[in-house]
Amino acid sequence: MARRGALAGDLTASEIVRRRLTGRQADVLGRAFEALLLSALLVALVILVTLLVDIFRDAVPVLSDRGVDFLTSNVSSLPERAGVRQGIQGSLTIVVFVAILAFPLGVGAAIYLEEYARDTRMTRAINANIRNLAGVPSIVYGLLGIAIFVQFGGLSGITGGRSVVSAGLTMSILVLPIVVITAAEAIRAVPDGIREAGYGVGATRWEVVRSHVLPYAAPGILTGTVLTMARAFGEAAPLILIGAATGFLSTGSGGFFEQLRGAYTALPIQVYDFATRNLREFQNSTAAAIVVLLVILLLVNAVAIVLRNRYERRW
Amino acid sequence: MDAAIGDGRLTVADLQGSPRRRRKEALIRRLLFGAGALSIVINVLIVVTLFDGTVDFLSSVDLSTLWTDGWFPRRNQFDVRTIVAGTLLVSAIAMVVAAPLGLGAAMYLSEYASPRSRRALKPILEVLAGIPSVVMGFFALTWISPNIMQRFWDATAFNVGAAGIGVGILITPLVASVAEDAMFAVPRSLREAAYGLGAKKRHTTIRIVFPAAVSGIVAALILGLSRAIGETLVVAIAAGGTGGSLFSLDPTQPGQTMTAAMTALATGSDQVKGASEAFPSLFFVGTLLFLMTLSLNVVSERFVRRVRKRY
Amino acid sequence: MNEGGEGVGTGTRSGGSRARPRQRPYTGVAVKTEREQRRSEASGDVIFDVRDLSVLYGDFRAVRDISLPIHEHEITAMIGPSGCGKTTVLRCFNRMNDLIEGARVEGQILYHGVDLYAKEVDPVEVRRRVGMVFQKPNPFPKSIYENVAFGPRVAGFGGSMDDLVEESLRKAALWEEVKDDLRKNAYTLSGGQQQRLCIARAIAVAPDVILMDEPCSALDPIATLRIEELMRDLVRDYTIIIVTHNMQQAARVSDRTAFFTVEVGEEGRRAGVLVEYDATERIFTNPSNQRTEDYVTGRFG
């Protein structure tokens, strides 16, 4: 409780200090600044919500009318009949390729760089190189894919040119630097004491890596890899270049290896295709295909998070 | 062996270890090195491919066509200025969107958010980061264009502005994440020194943390710019310009970027390999794109290294 | 007179008793007797002969001209102020310095007469025979059983792992406390238990020598005491070399003590050197070198 003098100007020194320290200072500017910063995040949230709502709204007619049929139909020029079956198939095949090729090679490279390589100029060059490769636009990898896997004179004899094999190989190359970086980070996070202990009982480098470093880093590597797969699943730019089919696509004939070397499509390509064709007719189909894509991505991300939590609880 | 000390219980051979184990170790080491060296192989392949294709194109085409009015590959008009300008325009618009959003979000998360609100807010950016560019392209065309570009400015259905905004939204999480790391890395002691002098939070944030983290923030912006330049699908879907376009800096009109031009070349009727000069121009444009993004990434690396050196 | 005729390091003044007033650190009579007893039982053979050892990290010479013999079935303590290279020297005995980039060794260490750094020698094999316990307990993030079993397994042990694990844990005085659940994660153990687990892990590969790098510095006094008791048991079967910051610990536990310090050499470069190496009683009650005396009486360090 303030004790005032007869006039406001009669406040004693201690009274002034008391006021200053205990009075509620508004600091309007400070609050406003904080609100401004927060609004950036809120704007992002609004955008996200708008995007999802808008797409879902567009997708509902197709999904509610046709439901699972949308998932099982083939490509067609008629919106009532077009479906994403082949796109899902193609994308899954590509992801399998990436998992088989990019994952072991990437983790292997990361192990080499973090555990085996000495700090020489060569090692530093490789590291810088990988970081640069990770920053190259994805479409440039499409050019690489064309040159190596699709054009005559490249490996098109084996891959069959514009095939899902070419797509898988190209996407593996694209994704490889990211896998290396993610895995290297996870390996670096392993405490040194564990390595020393392993060496101390007379284990070789590989024994230490395999029995102690890798298991410890595994959750991080796995999560990173799964997230990278998700990214590979949603990438379309290189695929456009290396000739994922748009428009009509026949499948089902021929054996397994012929199919691998034949025409194919991928889910994000189908979205692109629907979106750039006659939009008025295909707008709902596009939205529906996007919903399928987003749901798959959501599932993959959820798997990654579950994996991470399950392994991290160990210690 | 020193006979005076040696007690005969051990020879060098005893300390040699199991040859099987050593051979296995050497083999594994070689395999892993191969994996590591693969990245160099890939890099070489990229450079060779681009170089080869560019030389192919430049030698087969009349160089005056590189400076004509507009990018119309089917008419043998390869005006580089058009598509570069298009790329820069889209990227500029994207940065106008992403810089305030990304930096603002980063600043809030790093300086103001409590651990609980951080856990609630960070996922927004993470989910946004997971949106594939195809999806954003569709959103730009079906929502951003009508509701923003066409409503406030008189824009055509396909326009550069919508694409630019879409790209901006896409790169916001990247900018935010790198900037946040940079601000987070500023040591507590600096902030505490400021608070100890009686500074308010916003003063500390703006005058102390921001300048200290500026290298990392610049790196974030450069990385965002590089990513915006390389962004393909949003422009391919929403910006129009697939047939070719004139040089234009008007965001309300359709336009063509380097990346979208490449997709057009690959999917248009010019995709018959080698049948026209249009197809090899793909590699030429790709090389330009590669050089631009590479130099930006290298510059951004320098800035990141500056941050690491300080702290 | 020195017993056994072993050499002392550089920088000592020639022997001869000097009458000067000094404080005698308390070493404990009982321990002394036990130590003398042990010394007479032990073979006294030299197991490590260190000759003019220097360790360089790149250009920087961390320790120079170290010469001393380590005797079997003894506890040898290495003491000295921080930064004088004791740990560096310790890590030479099991070639752990190989893991540090740019680390180089000059001079020789003979292990049972064999040059430890000879080209044909495999450091992995050395580390099986010369085990190490680290300053901060570092069990593997696995079960207690797996911690102990890992070493023997990679070394190709073919017998009953269960028995070996039990025996190692018994020798490390940990068996009674963990025998009910060997599958428990090692991180659930207390600090002292973890360190004893690390000792069990080192023992499991049947080494000759156990190196200990300040094994008790992260532990409370009670845990420390238990480990010191354990060391006195273990030395019957193994040779122990211990680096310690704690002078009193060295006085309590060791048979011989080596005192290191930092010296400024030519060009003003600092390097660790061995000042004096002698029976522990002598180091602590009647050291030959003034610097040793200054250190053990607490005048510096």
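A, B and C are the chain letters, set down in written order, and residue numbers restart from 1 in every chain.
Here is the rule we go by: a residue touches a chain if its C-beta (ideal position, glycine included) is under 8 Å from a C-beta of that chain, and two chains touch if they have at least 3 such contacts.
All figures in this text were calculated on a predicted structure; none of them were measured in a lab.
> Name whichever of A-B and B-C has more C-beta pairs touching across its two chains.
If we tally the contacting C-beta pairs, A-B comes out ahead.
> Report the chain whose mean Cα position is at the greatest distance from that of chain A.
The most remote chain is C.
> Based only on mean CA positions, could you tell me how far chain B sits from chain C in angstrom?
53
> Between chain A and chain B, what is the separation of their C-alpha centroids in Å?
Roughly 14 Å separates the two chain centres.
> Show the residues in chain A shared as contacts by 2 or more other chains, in ascending order.
Expected reply: 204.
> Among the residues of chain B, which are close enough to touch at least two other chains?
Within chain B, the residues that touch at least two other chains are 21-22.
> Show the residues in chain C shared as contacts by 2 or more other chains, in ascending order.
Only 124-126, 129 qualify.
> In the complex, go through chain B and note every residue touching chain C.
Checking each residue of chain B against chain C gives 1-3, 5-18, 21-22.
> Within their complex, state which residues of chain B touch chain A.
21-22, 24-25, 28-29, 31-33, 35-40, 42-43, 45-46, 49-50, 52-53, 100-105, 107-109, 112, 121, 124-125, 127-128, 130-139, 141-143, 169, 172, 200-202, 205, 223, 226-227, 229-233, 236-237, 242, 259, 262-263, 266-267, 271, 273, 282-283, 286, 289-290, 293-294, 297-298, 301
> Could you pull out which chain C residues touch chain B in their complex?
45-46, 49, 110-116, 118, 120-122, 124-126, 129, 156
> Note which residues of chain A are touching chain B in the complex, please.
Per the touch definition, chain A meets chain B at residues 27, 29-30, 33-34, 36-41, 43-45, 47-48, 50-51, 54-55, 58, 104-106, 108-109, 111-113, 116-117, 125-126, 128-133, 135-144, 146-148, 151-152, 173, 176-177, 180, 204-206, 230, 234-237, 240-241, 243, 246, 268, 271-272, 275-276, 279, 283, 286-287, 290, 293-294, 297, 301.
> Going by the contact rule at the top, pick out the chain A residues touching chain C in the complex.
118-119, 191, 193-194, 196-204, 207, 211-212, 215-216, 314-315
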